[in-house]
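First, the structure itself, so that you have it in front of you.
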């Protein structure tokens, strides 16, 4: 049975992740405290947008994370398909809803920011529209990975989908940009992306790192929970077999 | 070693270890019966031999060379009969078989020969949707005998067959074995003459393992 | 190559014998498109403005309808197992089935599109571009959709799932196809969007069979 040991086993992962989790969570908490302090108090309001600019400290890191998570899904999928390592599939399964959550935050904060700035909750802006499609790519990934009776089958199908999606994300971005320049909405006065003042950079990067830490904290927790629930299922099956 | 061989095969479906440490060797011209209770993994083993499943442990060998190194060659070597008969209801028996003959690069004459082998020549022009389950089975078995694959992998081939069908199948298998072919069948009934190689699989109890994800 | 054409021929023959499926897709295409004038009113100006977009959106949906069974049917009756154990690589199997899907779905849509062009009061020169956009765009729909169809093999609720997987990926084809037809109506250059549409197809021809083959291989495990 030497072959079954070619993967680091779940018990080992549980030990390692238990040791790692408090550190990752602690660093994330510190980053959030620092980041929120700078974002909400220690940075000046924008001369044009006022305090509305503070939405950016959530919006922009979420946007980065939404792309980062999709890249993570694609890489995890490729690793899983090539080396058939179950941990890769489990990470992808755990990461997809987190990524979808970040993507949703991008859309929600974009909408909240758009109301005072553009006077409307939704603008078919090229960037927001691309993110909207990305959100549906996430939903497809989540739905596909849960659509099979055998979770392993769902994980592999979702891995292929993540790779297909990763090839398509730049194409979709490009086509939406093209589409957007064709149909310049006349009634909405559009702001060019505001030039970033150097005073905005520290809170922005602190928040970006905090979001990244938050992602890895959640990822570890979700994988551990997934492993635990599998264990429960295995125990049930074993109990059934023993009862026979 | 000549022939078809498996060493230390292990198979996982879902999170369940179906079998482990399964080994066999079938020489050219020999048959092997895969026996065992439900859930022992007979079908999984045949799918694994057909290349439809990847073993999680162990390997398959053909004339001593690992099959995994030449999957294309292996596909050319086998013909597989599963639980499903893979017939398109809208096509006639001859059209159904003709498709698979073309897939193997063979002409219509192999279809005629295969129909004769399973004694269903008179069904040639009947649409598959009108066939009984035994006739469907015979059609699928006829398909498996077309061309010259060295290894026949038959999963419960006698299910639904009448005595005439079983006789036709036995005759076809005997001819195949005489020509140096290999037949591996999973079945609950003894299909080969006494003394044929038997691989008896046992159902594994579900066990808690810390080394399977 | 003979295996490739054997699969194409079989699938086309099955579609012809099965009969109703292709016709139903076509009926849906026309019916859904003629609902829009009831929704937005029959003014020629409005219809001309939304025509290319409506025709293409409805074409996407129609092309998707017949995708669900593309591989599921072969999976359920055991054919997919035999295709996987036949000498033909699954990538070739995928490409052949995608082409058969285009012949039985995309091609009829292409033929019917000018009729809808008439309903939507499209100007004369727009018809040529509409046909060209269908010719370059619908094969991409069959290829991309085929990947989705391969992914949902064995899934619960395959139909809805397929829409969720495939429609976002159809967005680029939709954008450039409609941009081309709109360009004729608004006197803008047609060439760039048609070139990109062709480029999308050229990219889909190698990439989709590769992804679809991988998806089918996973489905059999």
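Each chain carries a letter (A, B and C) given by its place in the written order, and its residues are counted from 1.
Keep this in mind: a contact is a pair of C-beta atoms (placed from the backbone, for glycine too) under 8 Å apart; a residue touches a chain by one contact, two chains touch by 3 or more.
Just so you know, these numbers come straight off a predicted model, no measurement behind them.
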Topology of the chain contact graph, where touching chains are joined (line, ring, star, complete, other): complete
Chain whose Cα mean lies nearest the overall Cα mean: C
Farthest chain (mean CA position) relative to chain B: A
Whole-Å gap between the CA centroids of chain B and chain C: 37
Computed distance of Cα centres, chain C from chain A, in Å: 31
Interchain centroid distance [CA atoms averaged], chain A/chain B, Å: 46
Per-residue overlap in chain C, given as positions that touch at least 2 other chains: 221
Chain A: positions in contact with at least two other chains: 152
List of chain B residues in touch with chain C within their complex: 47, 50-54, 72, 75-76, 78-80, 82-88, 90-91, 95, 99-100, 102-105, 143
Of chain A, residues touching chain B in the complex: 1-5, 7, 9-11, 86-87, 90, 150-152, 227, 230, 233-235, 237-238, 240-241
In the complex with chain A, residue positions of chain C that touch it: 147, 151-152, 154-158, 161, 164-165, 167-169, 171-172, 175-176, 179, 182, 196, 200, 207, 211, 214-215, 218-219, 221
Touching residues (chain side chain A, partner chain C) in the complex: 81, 133, 136-137, 139-140, 143-144, 147-149, 152-154, 156-157, 159-161, 163-165, 167-168, 171-172, 174-176, 178-179, 182
Residues on chain B engaged by chain A in the complex (per definition of touch): 10, 13-16, 20-21, 56-58, 205-213
